[in-house]
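Naming follows writing order (A, B, C, D, E and F), and every chain is counted from residue 1.
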Amino acid sequence: MTQLGIVKRQTIRADAAAVEKLSRFGVATIHEAMGRVGLMKPYMRPIYTGARLCGTAVTILLQPGDNWMMHVAAELLQPGDVAVAACTTDTTDGFFGDLLATSFKARGARGLIIDGGVRDVDELEKMGFPVFAKAIHAKGTVKATLGSVNIPVVCAGALVNPGDVIVADTDGVVVVPAAMAQAVANAAEKRESFEGEKRAKFEAGVLGLDMYNMREPLAKAGLKYID
Amino acid sequence: MTQLGIVKRQTIRADAAAVEKLSRFGVATIHEAMGRVGLMKPYMRPIYTGARLCGTAVTILLQPGDNWMMHVAAELLQPGDVAVAACTTDTTDGFFGDLLATSFKARGARGLIIDGGVRDVDELEKMGFPVFAKAIHAKGTVKATLGSVNIPVVCAGALVNPGDVIVADTDGVVVVPAAMAQAVANAAEKRESFEGEKRAKFEAGVLGLDMYNMREPLAKAGLKYID
Amino acid sequence: MTQLGIVKRQTIRADAAAVEKLSRFGVATIHEAMGRVGLMKPYMRPIYTGARLCGTAVTILLQPGDNWMMHVAAELLQPGDVAVAACTTDTTDGFFGDLLATSFKARGARGLIIDGGVRDVDELEKMGFPVFAKAIHAKGTVKATLGSVNIPVVCAGALVNPGDVIVADTDGVVVVPAAMAQAVANAAEKRESFEGEKRAKFEAGVLGLDMYNMREPLAKAGLKYID
Amino acid sequence: MTQLGIVKRQTIRADAAAVEKLSRFGVATIHEAMGRVGLMKPYMRPIYTGARLCGTAVTILLQPGDNWMMHVAAELLQPGDVAVAACTTDTTDGFFGDLLATSFKARGARGLIIDGGVRDVDELEKMGFPVFAKAIHAKGTVKATLGSVNIPVVCAGALVNPGDVIVADTDGVVVVPAAMAQAVANAAEKRESFEGEKRAKFEAGVLGLDMYNMREPLAKAGLKYID
Amino acid sequence: MTQLGIVKRQTIRADAAAVEKLSRFGVATIHEAMGRVGLMKPYMRPIYTGARLCGTAVTILLQPGDNWMMHVAAELLQPGDVAVAACTTDTTDGFFGDLLATSFKARGARGLIIDGGVRDVDELEKMGFPVFAKAIHAKGTVKATLGSVNIPVVCAGALVNPGDVIVADTDGVVVVPAAMAQAVANAAEKRESFEGEKRAKFEAGVLGLDMYNMREPLAKAGLKYID
Amino acid sequence: MTQLGIVKRQTIRADAAAVEKLSRFGVATIHEAMGRVGLMKPYMRPIYTGARLCGTAVTILLQPGDNWMMHVAAELLQPGDVAVAACTTDTTDGFFGDLLATSFKARGARGLIIDGGVRDVDELEKMGFPVFAKAIHAKGTVKATLGSVNIPVVCAGALVNPGDVIVADTDGVVVVPAAMAQAVANAAEKRESFEGEKRAKFEAGVLGLDMYNMREPLAKAGLKYID
């Protein structure tokens, strides 16, 4: 459960091969493959055009106006990880900038998801360090109050456990529980394999009404056509 | 009036020549030419840089979490149309993605205006299918509940009748009633013809105070200059 | 104090050399150099990618739906100035477009900060006239009601006095009181001089925990590590 | 269509008997009786506990920061009318207070629906003049710019034509087109006649699952019960 | 993990004595006793003055615009339970009204927490059925798409497991994990036992600066007093 | 200027007689008497029905999640003061509850204005300690970071200097600069003296159109009446 002042050193990360496979798919596809669950709120946006990431979560619970736990988390980041920062309250403070990004990147982190603000956005883009955030804000923070690292957190409306797979692209951010990573990757692959055929049909002018046999259920539901 | 479960097949589209003429002007100019009315709310933004569109509306009334009517509308889209989707409630769900866009494009549609969310944004940009939306969200939808097609809808605060002209660019989205399309296009042309001269004067350092003879009315209104 | 119908002709602008020096630093650095104060709210965003500005404030207090004072302010703009527009109420109207920008630019203004909306955004980008705004909206305004020019205003949560230095970049907008401009510029320079060394250490894998000697205070605060 | 500077003197009000009948039902019931359409956005709230109204709409289109049209509308108000005020842009200004309420009440108006702000709220409560508004704000307005009276307006997301029936209570605000008033009143009555029986069954412990025969469709849809 | 189409029949409810004890304390006290965690977002408000509840959670995951799962949940409600409804997306639809409340109450439920809208608010108050909600909205829903019951949900930013204790009052909503209910109740009791003494001191004019020995740490932190 | 870590002991409070006189008028009247300036944003609401206050400001600048400065401010409160708390960032944390209210009340404070959250709302109502706040939230705070007391602050969009008069009622919160208190009180009195006559005329059915001689200016502005 959520508790402040706790750092969990060991976490069970999702299987590396599954993570790699998930990285080939978009957020919308993975969300569908999971049964239409797992998304963060739509206010989570990439801080620069083209940002994209896929990796395993190291979770951080911040206190408002305080980024102390970012430094504690840095030590636990391993190559392939994504830092996922939640806060105990709604906030847009700039908890993260280019210096922390340099540290995180040196540890092998693939990016940051933060239900709060970031700054030094131009530098982050130059560094190629993808961040998905609620806000861009230059507002600095202090280092005075304990939060936690690697406990389950609710980030932008989604539950994230340490080790879960995080995939983020222009369409948003999705969380895949570690234990389901392989199954979801397979389901995403399967789903995508059908898309080419559908796309070709749509391009040829076939209607969804016919492709998905919707005319009868629509009529049954009572849809009335008038002129 | 607004009613669910209705599809109107025939609509009277604005005159094609007027639509073409309107397509030459920006949203701000057209809004002024209409007497400063007709705009959608400012939360309607292009989903990619440089998106722009002009065409005749096919209106769609969606139910929350449900994009069934998108497929019904596809059949009614004609070359030069713009799909305009409203919802019976506030929503950010991702009702629309690249497959539907492929279908709409194959029908000749010029883009989508949606008071809700879209996904597959990178693909939509690659396809060159412009969308103006309230949100980008990967959240998928079902096909279970009837809305309507080609009835009058309120989309992002603006009344849209089927056949109205929709113009959208970086400045927002404006709705021109079909019956006024030609008159508005003419007024926009006239308005724009004055702008070059004004711009030249401003560039030469002439002040609006002088160009528009504002000094006297300002003084009359009581404006006080102090040092 | 805030009063309507007043225009102050003479203002004491921040020292030009200090302004020039401040222009070399980012908003986040300047905000830190000031002791973590002076920022506008994070909803103030550049209207195009890469917008950046630094200059001395000419302040404008607008009435809702009315941009008359923009023209009054134009006359008072000097080379190196930045127009800073607040409104007596929350608003997203499009008070400013390419014609006014042409006028402002001809006067030597470096850009606009507005707690409201702007339009003609594509043209503003082409002109290279940076604007930081709350909204993009084509909604036009009238010229009927007096506001004020060059009085203290609260713009997006920050107090701005005429002559203050305004710096804006991708991270937001910061206000430096004129009397502090030199001291803040010096502090920003000093702060930035330390950053290179820190960055190098982070790149080499040194942790903030060690660089900033955080382990002991964290333990003292009660942080518990578990496996 | 929406146009500024127009006042329509004659409007066709909904049938008085139908209005009276509608006044007996709650907003939720009427909305259902209309087929789940016609509601304003949920940000429209009564300004005091227990406010409730039902009457025929006199519509007002305001300009931001300007309540001139309120006075124009006063002359057109007849006993049983409800003033419905929209604005050409998003606003929270206090367009209306106790003096205007005194005037409206003297004309026989039953209340005000406003997509904006009101003030003198304590006095309005004492007067028993119900208002449903987006905001309470003391911010005053000017009388300088033309809007319109008795044209179709979009108020809080709903289309309102002059003469339509407006019903408002704690659950929100619903608009019934004049031509449908009688039919909707009848449908509401019918709907409500079923509610007593349902309520009694629910009180007796009967489940909706059984009362509405949902178990089979739920199973068919794939609902899985686990222990 | 979150999955749609699942109903869990058996849940382990928090210990009844612990629930009873928790019911004696306010939300702020319980939140502090938990170590300042467990709160829902502040947009969750009581729908009528004086609403208050404490009980064990039966969780519901709704689909947008669809309240089918409310009926499924009704069957699982036991005396002392509180229904906690989340939705797969942001919503303000009116998923719940007086008929469902009658059913829930007949099952012994103590109230509803919903990250969405409710209606029939006056009737709910008359019934004494407390609801804490994001919105009041008359908007009706359909019964067409599967959600889940008694799975872990994120409701208004807080993780809720079935069987957890929910306490709600004017200050908001707090979630106490079932396994911690007794410990938190004890901590709350202890915390409250100190408050009387503190209150008496404050009433007597003792300052927090002295009661909590803050003068020295404030000076150490660098606080400067000027005249 | 805004600086952290500063406490100003001496402030020049507005003249007591002027404060007393201002206390007789409503917020809307005072705002008008000041020339339509001085209001806080409309999101500042009384936390209980009927809350009202008038007094001289002791200003507090808080850090996010930290209420240390509340205790520092308590020592400086004198009978007739109102605490006015701003924060260095947007926040809804519960910085204030019944214990601090007991302390403030014991010092003679008349209430609190806070651009953030409060808790223990029921107790505050019982105590008769009026608070106007952005949010009600049980979220607790720490005491770790310095803010300031009695420096100029921007609170909910309004500049407040220590010693200014704060008047708050159901219509919102207005700030009267200390030096203007007497003049504004006189202007408010004058304004109110005209209202009785106007109200009587409105009650008698006189229209604003006639009382304010609006018909001619409306016609001149181009208003068109149609049937």
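Observations
Note that a residue touches a chain if its C-beta (ideal position, glycine included) is under 8 Å from a C-beta of that chain, and two chains touch if they have at least 3 such contacts.
These figures come from a predicted structure and were not determined experimentally.
Separation of chain B from chain F in touch steps, taking the shortest path, is 2. Superposition angle, chain D onto chain E, using Cα atoms only: 120 degrees, a multiple of 5 between 0 and 180. Under half of the residue numbers found at the chain A and chain B interface occur in both copies, marking it as a different-residue contact. In terms of residue-numbered contacts, D-F and D-E present the same interface, as over half of their contact pairs agree; the other options in D-E, C-D or B-E do not.
Interface comparison, B-E against A-C: more C-beta pairs in contact at A-C. Distance from the chain C centre to the chain E centre is 41 Å, each centre being the mean of its Cα atoms.
Chain A and chain E have CA centres that are 27 Å apart.
The set of chain B residues that touch two or more partner chains comprises 5, 36, 42, 49, 88, 90, 92, 137, 139, 145. Taken pairwise by the contact criterion, the protein chains fit none of the simple patterns, being neither a path, a ring, a star nor fully connected. Of all possible chain pairs, the ones that touch are A-B, A-C, A-E, A-F, B-C, B-D, B-E, C-D, C-F, D-E, D-F, E-F. Chain D makes touch with chain E in their complex at residues 26-28, 31-32, 36, 39, 42, 45, 49, 169-172, 174, 195, 198-199, 202-209, 212, 214, 218, 221-227. Across the interface of their complex, chain E is touched by residues 1-5, 35-38, 41-42, 88, 90, 152, 154, 157-159, 177, 179-180 of chain A.
Within the complex formed with chain A, the residues of chain B that make contact are 5-10, 49, 68, 70-72, 74-75, 92, 94, 97-100, 102-103, 106-107, 117, 119-122, 135-140, 143, 145-146.
Taken together, the chain D residues at the contact with chain C in this complex read 63-66, 88-93, 137, 139, 142, 144-145.
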